[in-house]
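In the two assemblies presented below, chain A is common to both, partnered first by chain B and then by chain C.
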Partner chain A sequence: MVKIIALNTFKQLIRDKIAYSIFLLLIFALTVSYFAGTISLNQQIRLINSVMLSAFMLSVVIISLFIGANIIERERRERLLFFVLTKPISKTDYFIGKWLGVSIVIFLTFVLYVVSYAILIKISGGSINIFSFTALAYVFFEGILLTAIALTLSVWTKPILAIIVFIMLYLIGHSSSLLLTIGEQLNNFASYLLKALYYLLPNLEKFNLRNDVNYLSGYSNNEALSVIAYFVFYLILTLLIGVRVFNKRVFV
Partner chain B sequence: MIKVTDLHKSFYHQTEPQKVLDGVNLQIDKGDVFGLVGQNGAGKSTLINIMLGLLSADSGSVLFQSKNSTSLKAKQIYGAMSEQPKFYEQFSATETLAFVGKLYKINTNALKEKIPQLLELVDLSSSANNKVKSFSKGMHQRLALACALINEPKILILDEPFDGLDPIGRRLFKQIILEQKSRGVTIFFSSHILSDVQEICTKVGVIINGKIEPIPLSKKTTKDELENKLLKILNG
Partner chain C sequence: MLGCLIKEFSFNDLDERIKFLLIVFFLIIGVIYSQFSQDSNKRSRVYSATYNQYIQPLALSGEGITNVSFGFKELIADYYWLKTIQYYGGGDPNGKYEQLPKLYNSVLELSPRFLSAYESGILILGGEGFVKDAINLANVGQKNLPLSWQIPYYQGLIEHIYNKNYKAAANLFDQAAKLPGAPPNTKYFAGIYYSQANNPDIAYAIFKTIYENSTDPAIKERAGNYVIYLENVTLLNKALTQYKIKFSKPPNSLSDLVKQKIITEIPQNPLEFDYYYDKKIGKVLTAKPL
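For the complex of A and B:
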């Protein structure tokens, strides 16, 4: 059942022309990387790494924010939930299927970026750095975690509030070490609160290799495994919360 | 068989409870066609939404063939059609039916046979590959009925099925409902249109003050008589 909903969601999103905007962003990133690289002094490969990773991150945030936070609410608004949930499918399968469908779109975007990146590096005369692919893969992980967060928020509250909370979580997630630093300078209660937030909210900087991609020769398998374990833990936790909230919600 | 027992539902407006269903009891036997009528806001759609598990009741139960109506087993045996049905607009009628068929775990080969038959039944064959977004309201209704029939249901729940249909469509729908009845399907539908109710129902009830009052019906009951009986109940 999850597979049927996921493939249906994927087809729906592709036909909704989301693919065009992702593709346009990719073309833009390729053009900027290539032409800006040619006029930069011995920095072409670094520039390509930086622009491609940022463009992929932007695509992933756009997909998870504007699709993930809206897709179930849109189906409620358009009475499609009546159409689907009166069929022999559980709410859990529907929720997971929706997440998986959006994740397939992110995966396809990831593949597009990996292939384009490899071609661009070849054209520019550089050698392919495996860590650039690792960095892209981490953004992909972050994207599907963000989608799970956006979906969970969207079934918990109204779309506009879900978007606001999502953006806050995204910003805090990318600067969570600041929470600790600030916490150390505050009184007891605020300090505990910020520490609790630091440990509770996902630290999205763990998926950010954009600044290090050119200097990652020492990146170990253990580090990669710990990031993957961190990702799997938060993903399962978020999906479990989302499923529980969705199962309790009434949609008519 | 459909069995509704002591169903209660209230909605809260600024903490004041407003009872919509106040002890609804109903039994519809196999092969019966039950028509539910009532004024706007009387609770027809609330009852249907509870029957289909889209809303939860405050208390009471709904059983389809002795199975809790919200269970996946019950969902396997009924087909439902909502008031003003909606579909994924970028999909064609064939794709929509294929999606629904897969949710019922009907295999692909069986679907290849079944889908054209259903589209022919509801007179949508010529629009089989057209996107649903180009469909009129009546075509949406036809597609919704085809979706409700794809699993060869034992129970049909139809919310205002004749709404938006032209006279030919209404005649077709009545024929299909009567064919389903002759197959032994138990049918529950809500309608505003008394002539439709009088033509095809074996039982009629009106929802008033949160309860269902049965309206006595015989084969000889005319539409005017039904209307008079209904008005008598509504006016107390």
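For the complex of A and C:
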């Protein structure tokens, strides 16, 4: 059942022409990284790395924010949700299916970026850097997690509030080390509170290899495994909370 | 007749789609023309003498930007890098490039391992008169990229060209030569600077090592000449000491050593200059006094 809902969600998103905006952003990134590279004093590969990785990150945020945080609410508004839930489909299957459908879109975007990145690097005369692909894969993981967070927020509260909380979580998630720095300058209670927030809130910098791609010459398997473990734990936790909230919610 | 033609070819008779395309086409022409016209008219603007025609680019502190970069640190660093290139390449009408050190600092605080930015920063800042900033940048670079030979190498050049501090230059070249990937002539330059800094013993040791180990025939020959030159300087200084003991004063010129039969002849300098004899102290120096 999950598979059917996921595929339907995916088809619905493709019909919504979301692919066009992603494709436009990709074309923009390709153009900027290629042409800006020519005026960068031989730093073309460096620019391609940072622009392409940032563009992919931006695409992923757009997908999870504008689709993830809206998809269930839209079906509620269009009364489709009530129709679907009268069928023998559990709310859990529906929620997971929706998440999976958006994740397939993110996966396709990932494939699109991997291919265009590799082609652009080849055209620019550079050599393929394995760490760039690792960084792209990490952005893909982050996107899947962000979608789960957005879906959970969307079933917990109203769409506009969900979007605001999502943006806040995204910003905190990418600067959570600041929580520790600020905590060190405060009294004991505040310090513990900030430390607790640091460990509980999603630390999205764990998936950020984008800033190191140009300099890395080695990356330990242990670190990669700990990032994947963090992703799996946090994803399951978010989906569990999301499913629980969705099951408890009464739609009118 | 014209009225008939217009009537025959009435705008209303055209297909809706063609009508729309025609309107779009004329609007695009209008947009292009007005842009072109504005661009050419802009050149004829007359400014009052007090009008500030030039706005320096704004360089924010790297630390501040890092805190609000939300994971896009390298992208912002690259934006500042392009901005720095544009600023320097575009030319400051006042010729001062006041924001250049700040822009380089912003780029490198955001991206502390960006080697090319250190390289160009050290050379360009030094060349534009920001020698202190160039050296500060190099010091930061040495901390962040301790294995890069390029940073001490370029810093050595700045010490030589702008500060005339040969000893510092020699130390930096010596340091660069020990780092992986350094070009073979780095050690050779260190030797030259030690010689320039009147440090003949270190210079001699360096040139001797290069002479014995270099595989580049040109460097080997040049290092060999320096070895002979420094041996000659040592020989002349020994002769000068003997002269001073014998006559209780230094000679007026090196030829006095031959006249007084302390040495049979002044050894030929394999390098293309005369020996630097300092009459006041009665010593041959390895470099011209500053």
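The definition used in the following text is that the second predicted complex is superposed on the first by the 252 of 252 C-alpha atoms of A that agree within 3 Å, B and C clash if a C-alpha of one lies under 4 Å from a C-alpha of the other, contacts with A are read in each partner's own complex, and residues count from 1 in each chain.
Going forward, a contact is a pair of C-beta atoms (placed from the backbone, for glycine too) under 8 Å apart; a residue touches a chain by one contact, two chains touch by 3 or more.
A quick note: this is a predicted structure, and the numbers were derived from the prediction, not measured.
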| item | value |
| --- | --- |
| Which of chain B and chain C A:8 touches, first, second, both or neither | first |
| Touching partner for A:86 - first (chain B), second (chain C), both, neither | first |
| Which of chain B and chain C A:19 touches, first, second, both or neither | neither |
| Touching partner for A:50 - first (chain B), second (chain C), both, neither | second |
| Touched partner set for A:245, first chain B, second chain C, both or neither | neither |
| In the complex with chain C, residue positions of chain A that touch it | 36, 39-43, 46-47, 49-51, 54, 57, 170-171, 174-175, 178, 204-205, 208, 210-211, 213-215 |
| Touch list for chain B against partner chain A, complex | 49, 52-56, 72, 75-76, 80, 82, 84-88, 90-91, 99-100, 102-105, 147 |
| List of chain A residues in touch with chain B within their complex | 1, 4, 8, 11-12, 15-16, 78-90, 250-252 |
| Chain C to chain A touching residues, read off their complex | 67-68, 70-75, 77-78, 81-82, 85-86, 111, 113-114, 116, 120 |
